[in-house]
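Shared chain: chain A. Partners: chain B in the first complex, chain C in the second.
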Partner chain A sequence: MMQELLKIDWLVFLRQTLPLLLPLGGGGFLLLVGPFFKRSHRFNFIFSIAIALLALFFAWQEWLGATNQTVNLLLFDRFTYLFAILFLIALILTLLLSYSYLESFGLVRPEYYALLLFAVFGMMCMVAGHDLMVVFLGLEVMSVSVYVLAGFQRSNVLSVEAALKYFLVGAFASSFLLMGIAFIYGATGTTDLIVLHQKGLGMLAGETRVYALVGLSLLAVGLGFKIALVPFHFWAADVYHGAPVIVTTFMATAVKAAGFGAILRVVWALFQWEPLLFANMIWVASVLTMTIGNIAALTQKNLKRMLAYSSIAHAGYAILPLVAFSKQGASVTSSISFYMLAYILMTVGAFAVLIALSEKEEKCTIQDLSGLGTRKPFLAFSMTLFLLSLTGIPPTLGFFGKYYLFLQAVQAGYIWLAVIGVINSVISVYYYLGPVVAMYFSKETADQKVGPTYWSPQAVLVVIWFTFLGVSLFGLFPSNLLDLIQTSVSSWLVAGK
Partner chain B sequence: MLIEWLQSHLLSLMVFLPTAGALFILLLPKNEAASIKATALGFTLFTLLTNIWAWWFFHGLADFELQETLTWIPAFNIYYRLGVDGVSFLLITLTNFLMPLVVLSSWREIRTKLKEYMFLMLILQTGMVGTFAALDLFLFYVFWEVMLIPMYFLIGVWGSGRKIMAAFKFILYTMIGSVLMLVAILYGYFKGGQSFNFVDWLTIPFGLKEQLWLFLAFGLAFAIKVPLFPFHTWLPDAHTEAPTAGSVILAGVLLKMGTYGFYRFAMPFFPEAVRYFSPYILTLAVVGIVYGSLVAMVQKDVKRLVAYSSVAHLGFVILGLFALNQKGVEGAVLQMINHGLSTGALFLLVGMIYERRHTRQISAYGGIAAKVPVYAFFFIFVTLSSIGLPGLNNFVGEFLVLLGAFETKGIFGIVAVLGVVLSAIYMLWMVERVFFGKLEHEENKKLQDLGLREVLILVPLCLAMIGIGVYPKPIMNKMHSSTEAFLKLTMRTDAKASAQLLTPSHQYMKNDARIIKN
Partner chain C sequence: MLRTLYQYIAPQTLAWLIVALPLAGATINGFYSLVASRFHKHASHSFTSLIGCGLPVLSFVISLLIFVTLIGFSAGQDPTMITGPLFQWVVTGNLTIDLGLKFDQLSLVMVLIVTGVGSLIHIYSMGYMGHDEGYARYFSYLNLFLFFMLLLVLGDSLVLLFVGWEGVGLCSYLLIGFWFEDPTKAAAGKKAFIVNRIGDAGFLLGMFFIYATLSSHNLPPTEHQYNFFNFEVIKHHSAYLMPVATPICLLLFLGACGKSAQIPLYVWLPDAMAGPTPVSALIHAATMVTAGIYMIARLNFLYVLSPTAMQVVAWIGAITAIFAATIGLTQTDIKKVLAYSTISQLGYMFLALGVGAFSAAIFHLMTHAFFKALLFLGAGSVIHAMGGEQDIRNFGGLKEKMPITAWTFVIGAAAISGIFPFAGFFSKDAILWHTFHGGHISLWLIGFVGAGLTAFYMFRLVGMTFFGQPQMGRGEWQKVHESPPSMGFVLLFLGVLSVIGGWVGIPEAFGGGDHFHHWLSGVFGKMVVHEGMEEGHAAEIILTVVSLLWSLHFAILASVIYAQRREWPTKMAEKFQFLYKLIFNKYWIDELYDFIIVRPLVTLSEKVFWGVIDAKVIDQYGVHGAGRLMIFWNRCVTAVQTGVVQQYLLFFVIGVVLILWGFVF
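Right, the complex of A and B next:
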């Protein structure tokens, strides 16, 4: 062991881990120093943004020069950095959304920023870890931070309820995950994902096979909880609804992407144990998740809740291509990664519009949007774009992402699954267009015309512009993005073999 | 230099000039109504000019002309590939011809959110022209869907009555069809060696069962759009509640997307499925003709009546296409254009009177011919065109379709003739109740006749009706060899035959080189 440690080039290792260390260190720093700067919200904000940007810069540098190196328990390939970039983008956008929101809701505390940074550190560990234990630890770091964040608005009962619910369910899920890892370790004697992948079926003989499969199922349950797959989705609506909307944004995007990153790593290591059973599990979960998510979203009046259910549905779409993992692993992985990016941009955008409307109290019901088309044309226009993108109507990024997902299913011969997927998209038209109807079609009553004077803080507008351009431009010209993601994935799945 | 460059990008120009106009409008201040209108009209006229320019470069060969190819998303072999044959060129011309008129017709009707309205109109034009010009299936799908959203807003924001329901119905129906088509496109993409190129698809050896399923998937999308009975139920609502311009575009162009889809994609791709399904589709077409006419007859609302008449007219188009002979197909194509002109004009006329009286109920009128003679003249003229008076456009088209139908599928022809008779009944009866008889309603006594702007809108349409009715040859020339090629492809018996069809005389260009013929 010591020998191994001595062999590492620590300087290189430091550089490689910088994108992880920066959020960790930054979060720690904020916790230590923050109390002395309690008044200076601005300092905390700028400091976290700077940390995130710096980490983004290093992650990009490392992406360019990535060498598929595994050091200790971490795997530094382009896929890791790709997801690191995704998390950091989600983080930066969330930070920009948070500043004015925290001030107007009286939630200014340095811990908020520290927790976000810690959570991102955890996410990166989830994707970078090539050992199940690291994945688990990363997941816990992330989860614990997000539990606290969900309850950050202590004065709001809903927020506290959300935190408690999320914590209880999450802890429960974590125990499943841990138990699964234990079973897998018991069956195979290792928790190293690369070893598991390379040895594949060879490690399983006789009765250990049963333990391994039990482990796999428990693992699936644990991860399923985290990304809110049906039937493990019950917490999602209440938590998303109760948490402050900035935290909801973060949960719906970064946390979900992290879950998918980890799932891809785990699937890659374990799918070969029982490909058929695995594919069956996936399609059942996918069909249930998207259908139930969509149907539950149909009747929601509160957009936070609606987006919560829609995010369940999107998780259903996103796991759909996994059925084809054994046939075309690389393109399946790229399609899911691509979708995560698309999903982050359009969901952050949609929430950002809601945040732009929420001064003092959250304005998240469909009613609050009525007549927005006349009052705030740009906000309404961009909200429409995000909703169309979530529906999957071209030429938006969401369409291309969905196209890419369904392409995988069709290629692998799961045509009926793609058909179910697209029919679900049609169902989703109904509720995604609900807000559009409110914004543009409804007649404004006299009091709405005067209406509350909406504030639109600059930082929030920056986020809206950024996501707006991302969703529309990448929707029209997805080529470069596609190359970026395919390169990231192939360096792991194709070259890494 | 510039001229040459423009000449080689005529189609792109027609597709994206309206987008440029739309973006330009976005930059204009909201309350500058006059300049917004002028910009919209200017850009649509400019597009029309480009179209006229392209008319000289378009020769009506069996080939795709005015081709343009650019790489778009190389990872999936997706190209920006445009090109037109006779039929799509004529439909594009129809679109570009209708657009300035439609913009003019909105001059006074649209009072709220004018900027958004014109913006959407222009985006809609991009979608429509793009759909007709796209030769890459992915690109086609994108344009096909792009069209959907502006129309949804046009109905939902500026519509009347139960507009929200109508808009939802429109978008849900269309989406259901088109997403299934997307899956079919993806299936063919893998089957055919990962290509979205239209020409490559012609040579994919689909088995019979595959053809049937794929035809159903494509066909459903197109049948809803046409609309073929029994998928027509979205149409009366959407047409009735839409603002005038929306109805004109819906009837004039959007419905043609469905028949064009059959012509361009569903039928040449899956010839065996066409043979298998054609009796059923023909049946639905004639049922549509008779049903549409009968329902139109009992409508109390003029606009709804015209809407139902569309169901009947489009039945003729489908009848002609599936008659699978030269006369039938050419008649069908001509009918697509005729219907765009006549029904478009009818919707415009209904819109004009609605602007004055704010009602479309037949019973609210009666005897107004004396008060508004110019209006009555145009209305009766268009009505006569619509019911197929010899010497006007619809006669030529319907006659050809019926000839074609009698040649191969006699029984359907006989039923369809009934439709012609019925159309005369419901239209003339409506005209009688609206324009003749005693002037009873007090409000009608103060009706104003058409102004110059309105006459200017109608005159080009009427001239076109006479032109086609008297001398349809220039149009027939443009489409003749294309329909021939279409028939050869649709009648082929196996995929190998299609490879043969793609040699000398029907050489659809396969390479990505752009040609400029002069």
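Right, the complex of A and C next:
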């Protein structure tokens, strides 16, 4: 043991783990030092942004020079750093959205920033871990942070309720996850994903096979809960609705992406146990999730709740290509990763517009948007772009994201599955265009006219511009982005196989 | 200066600017007019004019630079240039479309006409539209038109040509309906758009036909293997298209009929005169309507494969030429007369294309752009001076008040009538001579008669407008004034071009060098144009002199009658009442179309398609039915979402059980 530890080049290891260590250390620092700087909200904000940017820089450096090394249960390949970059982008965007929101809602507390940083550390562990236990630990670090964040607005009953529900259901789901890992360990004697992948089903026979499959199912339940697959989705609507909208933004984007990152790692290791059965389970879950998500979203009047259901539906779209994993693992993985990026940009954008409108109270109903096209043309236009992108209408990033997803299914012969996906997109047009209609075709109410109209904090506008440009430019020229992601994926999947 | 320029900018890069500058102008002025109207301010005229006219002029200068560069190539080389693809627009497994520009003799001629005449008309518009509310919007549309037109003539593939083709159609629609507050003008815009759609359907089918044919053969694997719409590729593989050349050419010709206003799709062009007069000059006379001619000339290698299609093109052209000329005899709206003359002249160009004289067609296209722009702008000047009056029966004697307009208009009329030595003489003579020489005697006869009619109605116009006694009240007569210098300058400039524009193509029979034909022979091949020309010089001279005298005598006749003996035509009209009414009412073609096509379609769609199928079946059961179904499901799904955690966990456990059951058993 000691000798093994000595063999590691610690300097290299430090460099490789910097993107993980920075959020962890930064969060710890904020908690320790925070009380002394309690008044200085600005310091906390700038410090967290600096930490995130620094981590982003190192993650990018490591991405450029990644070597597929596995060190002590952690796997440092480009895929890890790609997802680290995704999390950090989502983190930075959330931070930018949070500053003015916290001020105007009286929620200024340093723990907020520390919790966000811890959550991002957990997410990175989920993707970097090549051992199921590390994945689990990362998931718990992330979850616990997010439970607290969801209830951050203690004065609001809905927020507290959201935290409690999230915690109860989440704890329930985690127990299944842990149980699943235990079963797998019992059946195979290992929790190492690489070993599991290399040995495959070969080491299973007789009764152990049943244990392994039970483990696999329970694992799927635990991870499916995180990305709100049907029937583990009920919490999502209540939690997204109740949590402060900045936290909802973070949950809908970063947390979901982390779930998918972990799922891709696990699927790679375990799908071969029962490829056909696995594919069947996936398509059933995918169809159910997207259909129920879309149908439930149809009549929502509150955009937070509507986007919650829409995020359920998007999870359904995103797992759809997994049916083809056994045939074209690399391209399936890159299409899902691409979609996560697209989804982060357009969802953050849509929430950012809502935040830009919420000065003293959250303005998230469709009625709050009416007449926005004349009041604030840019906000209305960018909101329209984000909603069209979520619908999947070209030439936006959302279109290409969805296109690559469905393309995988079509190439693997699941044409009917892609058709169901497209029909679902058509259903979603109805509720995505509802706000657009309100913005451009309904008259503003009397108090909207009177009220302060030009309140838009700079940082929020920066986020809207960033996501706006991302969604439109990458929508026009998606190939570079896709190349980047394919490179990240191929270093893992080719090397692994 | 050229050398320093080339040090920094390659011609290929410069070439993109020709197209990009008008687009930039359109964007800037478009945004400017939007912003100005949002803040309820008037757009600044000087800024709009600077952008709106400056960029097209710059674009013209660049075109000249490229022209000079390309003719500077050493002897033996064709003056052609293809810019590398700007980017690949469509890349799929079996079709690639690149965005590239193609400069050869043909497109150079077109680019110079479009940017040159276009710039002049932009400058003229500064005066003409000076009092209009939508000044910035107008220039934005006009620049956008220029952009699409340049894309049309410069695009190196059929797809780009089509993009430009549709784009100019859009701009034409927007500009015809520029004063959209007036419902008849808005309706004229719609008519143009819809009639063009019929032609475009043919065009698209032709394109699909080419794609289907070429993609069904295994072309040799090169980098251009899947560039099926690229002109070079089509030309290179035109042998594959041989068996289906006739349908392809006819379908494409249908598109040309729509855009270039030929029988049976010409009906939109007279109505299109509802737009501002400079627009009529630029779009509906000089450039856009010639797109069909350009397209067939560009695809000449396809058309020569199908003698049948060539015959059809020639006959449609000839019949349109004489048909529109007869209508022109009786019209009383100054712009309508010019509109029918445009249709007629376009007919001549198609006649030339149909008999294989591609370069003669392009030659006539060029001179026509000069003199028809001149005529329209002169008409605009008259309308401007008369405060919007367009009926020539109320004009008369205007040469006293507006000499520049009057004399440049006479030059234009002489040019279109084919009178020596004006531009139209050489180009029209080339067409008639090639028709005659090619053995198409009956076509030649039609063209010959049409030329006489042209001279007659043009000088009728001149006589009634500028000569004789004024036909208006005293007060109005005193208000008539010559147009501002920005308009007069353009008229003079185009007047000069209408005189000398034809001299680049003086045929060898008259001791000229026939430079224009030689210049274009790189595109059209030598044999089509010049086969056995040398022996026929004597015949050519005789024919030319005959047709000159023929036109001249009609011109004199008309100007004498309409300037001095105005009662004669009225008497004639009374004598041949039926014939007069037939022609005056444009052969009732509009009414015929309305009766045969429009009304049955409208009735059918209102009664059956809308009343029964759409409102009853689709709306009731399809659309609303699907909606109701979704809402029902939505109720079911949201009913489960009670907010009670225990219930969520119950569903959770059910899910777990189902998954376990699915995986393990």
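To be clear about the criterion, the second predicted complex is superposed on the first by the 486 of 497 C-alpha atoms of A that agree within 3 Å, B and C clash if a C-alpha of one lies under 4 Å from a C-alpha of the other, contacts with A are read in each partner's own complex, and residues count from 1 in each chain.
Operating definition for what follows: contacts are C-beta pairs under 8 Å (C-beta built on N, C-alpha and C of every residue); 3 or more make two chains touch, one makes a residue touch a chain.
Not measured: the values here are computed from a predicted model.
Q: In the superposed model built on chain A, check whether chain B and chain C fit or clash.
A: clash
Q: Check whether A:V214 is in contact with chain B, with chain C, with both or with neither, and answer first, second, both or neither.
A: A:V214 contacts chain C only, not chain B.
Q: Report for A:L482: first if it touches chain B alone, second if chain C alone, otherwise both or neither.
A: A:L482 contacts chain B only, not chain C.
Q: By the touch definition at the top of the document, which applies to A:R78: first (chain B), second (chain C), both, or neither?
A: The answer is neither, since A:R78 touches no partner chain.
Q: Pick one for A:E274: touches chain B only (first), chain C only (second), both, or neither.
A: A:E274 contacts chain C only, not chain B.
Q: For A:V429, using the defined touch cut-off, is the partner it touches chain B, chain C, both, or neither? Pick first, second, both or neither.
A: The answer is first: A:V429 touches chain B but not chain C.
Q: Touch check for A:H241: first (chain B), second (chain C), both, or neither?
A: Neither partner.
Q: Let me test your reading of the model: by the given contact rule, A:K363 touches which partner, first (chain B), second (chain C), both or neither?
A: neither
Q: Is A:V169 touching the first partner chain B, the second partner chain C, both, or neither of them?
A: Only chain C is touched by A:V169; chain B is not.
Q: Looking at 79-87, 151-159, 277-285 or 403-411, which bit of chain B clashes with chain C?
A: Among 79-87, 151-159, 277-285 or 403-411, only one stretch of chain B overlaps chain C, namely 79-87.
Q: Counting contacts the way the document defines them, which residues of chain A are shared by the two interfaces, the one with chain B and the one with chain C?
A: Chain A residues touching both partners: 430.
Q: Considering the complex alone, what residue numbers of chain C touch chain A?
A: Residue positions touching the partner: 630-631, 633-634, 637-638, 640-641, 643, 645, 647-649, 651-652, 654-656, 659-660, 662-664.
Q: Within their complex, state which residues of chain B touch chain A.
A: 72-76, 113, 116, 141-142, 145-146, 148-149, 152-153, 156-157, 163-164, 167-168, 171-172, 175-176, 179-180, 182-183, 186-187, 189-190
Q: Quick check on the complex: what are the chain A residues that touch chain C?
A: 165, 168-169, 172-173, 176, 210, 213-214, 216-218, 220-221, 225, 230-232, 234-235, 237-238, 274, 277, 280-281, 284, 292, 295-296, 298-299, 427, 430
Q: Sort out for me which residues of chain A touch chain B in the complex.
A: Residue list for chain A touching chain B: 373-374, 377, 388, 393-395, 399, 403, 406-407, 410-411, 415, 418-419, 422-423, 425-426, 429-430, 433, 436-437, 440-441, 477-479, 482-483, 486.
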